Amino acid sequence: MKILYFSWVRQKVGVAEEDITPPPDLRDVTALIGWLKSRGEGYEAAFENPKLIRVAVDQTHAEFDAPIAGAQEIAFFPPVTGG
Amino acid sequence: MKILYFSWVRQKVGVAEEDITPPPDLRDVTALIGWLKSRGEGYEAAFENPKLIRVAVDQTHAEFDAPIAGAQEIAFFPPVTGG
Amino acid sequence: MIRVQAQDFDIGAEIAGLTKGRTDIGAVVTFTGLVRDMTGGASVASMELEHYPGMTERELERIEQEAHRRWSLQASLIVHRIGKLSPGDNIVLVITASAHREDAFEAAKFLMDYLKTRAPFWKREAGPEGDRWVEARASDDDAAKRWDKKSG
Amino acid sequence: MIRVQAQDFDIGAEIAGLTKGRTDIGAVVTFTGLVRDMTGGASVASMELEHYPGMTERELERIEQEAHRRWSLQASLIVHRIGKLSPGDNIVLVITASAHREDAFEAAKFLMDYLKTRAPFWKREAGPEGDRWVEARASDDDAAKRWDKKSG
């Protein structure tokens, strides 16, 4: 499963992109975030306030209760500020 | 007093512009229209339905009860259709 | 700024003229009105735009000033063509520039709604069934009246 | 049509590309967003636009399709720049073309409101106090939510 990070989430995690194999029992985005936070201080800092985090599953905006089974690409980022 | 006509009002009256000296007792635009209608068939046709007529007194939109004393230029035209 | 002219306008050049060298503008909205080949089910071969010289310029200036009174605008422009036009030709250009998009959008809509009901222009369309003066649309009156309510 | 690009865009040329040879378009609205030298009281020397390649294009296409579903549009275009920009530079261009001005105006406002809250771009501003990621504005969320209500 490919995980992408953008903006200050990327800076705090320290990488832009990584391939991970999360435990098969992780059901949704919330569970994935919990597992990611256990991987180090950068992740802990990035996901400290989940209200500031947005997620896209396979390049489509998603909610935190979206299932992650079968997803190929999950991205985490702050609220967008283009335009 | 200069009177101007535009669009189909001009076509019905038959002239674009004329200098007139209306009777001094004409108080407002409504009275002026009544006097103009007495001047011939073209005027009669142009002002047949006053609801279709708009007026500007000295190049400013006005109502039919606007006084005409002192006005230098009064224009009659249908609702505008620019833009 | 306002202009009444027979010749066409260049939208890109007009925007550049308003914004060039400025760094306080965050949003530019333009509206361009064009001659369509069909209006109200009748086909249009050409169009003639009559106007009231003198009052037209004064009225456009009044409308522009009113927009600047209601919204925070850094710059604005109204250009309206007169004379003979063909389908596809430009008729009118409105540009509004502001720090924020809300002001630019609202002011541009207001300028067009007011121009449509207050600026002394009259369109005459020529088609296969002859010439006809374009009739004012009730929807344009309604659109303009909405701004009166908001200011009340 | 949608495009994501580093280079600048030419608004006049983009309008011409959408409308050239067509006689069924009566109204063209453009919105251009530019870099300002001040945002939220902080001065801006330059700006860097990060985006999510792949999702950006998909999201812009979704937003554009939604606009065509809601309004009668003859053509539309969204161009968004990425990379490093300076005050006065263009950031984003939205063009909507319709038979009538109401559709063109509403669709352009909708495209910008949705783009501002859904298209995955992030601005980083550099100024005298260092770099900072631009924070999302609550007013942009509110603007986007207004369209949800209308469709309900």
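Miscellaneous remarks
Every chain is named by a letter (A, B, C and D) in the order it is written, and numbering of its residues begins at 1.
One rule holds in what follows: a contact is a pair of C-beta atoms (placed from the backbone, for glycine too) under 8 Å apart; a residue touches a chain by one contact, two chains touch by 3 or more.
Small disclaimer: the values here were computed from a predicted structure and weren't measured.
By the document's definition of touch, common neighbours of chain A and chain C comprise D.
Mean C-alpha positions place chain C and chain D at a centre distance of 23 Å.
Centres computed as Cα averages put chain B at a distance of 26 Å from chain C. Inter-chain spacing, taken between the CA centroids of chain B and chain D, is 48 Å.
Chain A and chain B, compared by their mean Cα positions, are separated by 72 Å. Across the assembly, chain C contributes residues 33, 112 that each touch 2 or more other chains.
Pairwise chain contacts present here: A-D, B-C, C-D [touch as defined]. Interface residues of chain D, counted against chain C in their complex, comprise 10-13, 15, 19, 21-38, 87-88, 99, 101-102, 104-105, 108-109, 112, 143. Considering their complex, residues 4, 6-8, 56, 59-61, 75, 77-83 of chain A touch chain D. Of all the residues in chain D, the ones that touch chain A in their complex are 33, 49-52, 54-55, 58-59, 80, 91-92, 112, 115-124, 133-136.
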